[in-house]
């Protein structure tokens, strides 16, 4: 084993330029895929934060007794998909409204009686739901006794969901394509590299080297390339991330969103991808070259 | 010239596998970069549509005379950054409000006098402004005579702008990196390809071939690869686009947004990039190989 | 195929054909080679000498016919056993087949590494074999920096390093001056008297004259009757 | 450097050294070659024969000293003029240097394309030259599928195709049997009597004996005094 690692390192040193190209290619591919991953990771986080703001408002029928309201509260609480809920009495609502519509304050002065209903503000469980899930939950709540009507979202929320889905969909599609393309490119870079070694492999076979003897250092080489490429790629991404995020701190984003780096698990996964790409490149090349 | 093209095609035919790899690499790189371009092109369009919805409301002081309103209208119209404006009288506003707040209709029944102000709804020029530009325009309008106050955007608009900027920024950064990475990868694929031709080039030089004689078919080859790669890449993108957009038609997006393909000019530009990459790959490789 | 009636037959070719397209590179070759034979394969350029050697070490598959080596039928050797088979041969290739980006030492050491020898033994053995061909000063050189004759001597060194049972030598002295050629010839003689089997493909009548051995003559891929050869 | 006092001197080497690291591959070579000379460069393996030829066609730069070819000083030839210089030579390389992925026809045609000949002329010329070396049947073969001797004959064919002023031949018959070698030798003689200058590097005394020519002898990179050669 050590013998093969030594041979691999020696060989890499001898083909420095080609190896550098392969490693940089792997690093670049990984940088791009993971930059994209990082981007979506953050957009996702952002979306989640927003989605948390999505609430369902359940209006309580007029003249509902307090005991009935408590009962209703329990029922809503028990509904599947409800995380928590807040009761806002009609008095609170009116005060809020007054605050909100100061300019039209004249309206309120002329009121004798509070025309507003009591309302439950409902937070939903999970944050992955699309518009459909919200609708289902709303219908369910509307059908409860003493609920006069239900209101949820604004017009922009619909758009926002749609856009979120668009981004998510395109994101997955692009990420998938990137990943495949990267593996292809890396595999083929290694394969081209093999063209320069075909003669060497042929000679080794003629002097009686077994397939494993020939293959081992190539795999070691491919894996070393993968590791180096992966580490360089992720490091480059980290540096880029630090540069961007320190710029952003001073920028517009500071107040409500901070971009986050990929979790360590995913970083390791990415490096693993690099290794797999390196290995795959070897595997395909060797398979072709050693076929006879 | 025809002689060189013939030689190039013959040569490509002889190295079919390596040429296929190079072409596919170019095609993939181009596909990815332009997929990303397409994605941002559409997000951009989407954003623009939304931004068009951003309006500034300027409330007119009570008891302003009609002639003064006309004057104000002209002044607002003349303000830099204003595209168009609509006057909404207080009566219209009240009706709108009644429609909108049917549930609280009780409030309105009790009104004797319209408490709402007249209002100008202002559309802004251009669609590229950030939050800052909107604020500046708003302040400017607020300082006009007879304007009681100005209202614009909602809380989500701010978020929306920030997010737009985040996406745009990351998008440009990623696209730039992709482009560079693609050129690098393509150039190096071609360069690796040259390793298999070094012997051939050396022999040609020894039998008295001039540098140009040696270079010409390689350039022709590189450019053919670039063209083929570019066309394949863009075609693949078009097919993907058609698949996705036909799926979307049946999906959630049909109502308010339709994704669009890249304009023909950009497609040609992308293919040109492929050619440049192919050419650059040749240039760098030949420079290195023919240095002595 | 007739039964091997001789325990000492190490190579047996029976009705062997090798075709490249329409051309018969070898046609109807029947040949027995015995342990410790010293065989010359003679013939003009393009006669099929190298092709005959290639078939023995499975450099190419036969088109028709059977080859037995040590009683093992080549057409039935599994892919896994080919390396073992090749290690019974030491081969001097006509075009040397040295690995360009490995040093002379590494090129020769390869043969020993392949059969799992220890690093210390390899060091010693490679040095001693380079000394016998007079190339010890070039131990760290790369093959493309060597002269034609130097490369050939490295190729000879590599072939004999692994103490093979059979030595296949394709024009082993073609690029050498008389003096260097004599050194190589003595090396081959020594190997032969150590019990090895030697097969030399050559067009060089002088080389054939210098050692007593069995001679076969190829012409257009066909084995000629012995009387056709005048040495 | 002394003035060229002879209009007929086509190559002049003056105090030429070629070093690889510490090794002198060539040391203090002084040599005049005249138009229509037939020169043998003899010497043992590694003596520097191939290196001497390499310096002439600028395959390597000299380490020290001057080389004039046709009155042109090689150390002052601009990069752009090197192809022109090389076209004055026809070169038979010791390792043939045929392009593996081009057919025999393409390999030879290259020499003519390089100097801008018409496609029709090329077709005719390549065929005729292949006929003279007895290789017309292999016109569409790729070099790796040829036997050693066949490759050498293609190399010879390529070298003479362009009607060069000077023919540099590095072991032009090393892989050939006596009969094929004779064909090549006659070809070289013919070229010489057509007014060409021939320089042959070889270790083969027999080859030298078969043609009348001037002989120089190299040993360890140094030119030996003529009396040292017994042909």
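So that you can tell them apart, the chains are marked A, B, C and D in the order they are listed, and the count of residues begins at 1 in each.
Methods note: a contact is a pair of C-beta atoms (placed from the backbone, for glycine too) under 8 Å apart; a residue touches a chain by one contact, two chains touch by 3 or more.
Bear in mind that the values here come from a model prediction, so they are computed numbers and not experimental data.
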Shared chain contacts [subunit B and subunit D, defined touch]: none
Longest centre-to-centre distance from subunit C, chain (CA-based): B
Rounded Å distance, subunit A centre to subunit B centre (Cα mean): 22
Centroid distance [mean C-alpha coordinates] between subunit D and subunit A, Å: 68
Length of the line joining the C-alpha centres of subunit C and subunit D, rounded to whole Å: 31
Of all residues in subunit C, the ones touching two or more other chains: none
Arrangement of touching chains [line / ring / star / complete / other]: ring
Which chain pairs touch, all of them: A-B, A-C, B-D, C-D
List of subunit D residues in touch with subunit C within their complex: 20, 43-46, 49-50, 94-95, 145-150, 152-153, 170-171, 174-180, 203, 205-206
Parts of subunit A lying in touch with subunit C, wherever the complex brings them together: 3, 14-15, 199-200, 202-211, 213
Residues of subunit B defined as touching subunit A within the complex: 18, 21, 24-25, 28-29, 31-32, 35-36, 39, 42-43, 46, 50, 59, 103-104, 106-107, 110-113, 115-117, 130-131, 149, 154, 156, 159-160, 162-163, 165-167, 169-170, 173-174, 177-178, 181, 184-185, 188-189, 191-193, 195-196, 240, 244, 252-253, 256-257, 259
Residue numbers on subunit C that touch subunit A, as the complex places them: 57, 59, 80, 82-87, 89, 91, 93, 97-102, 110-111, 113-115, 158, 162
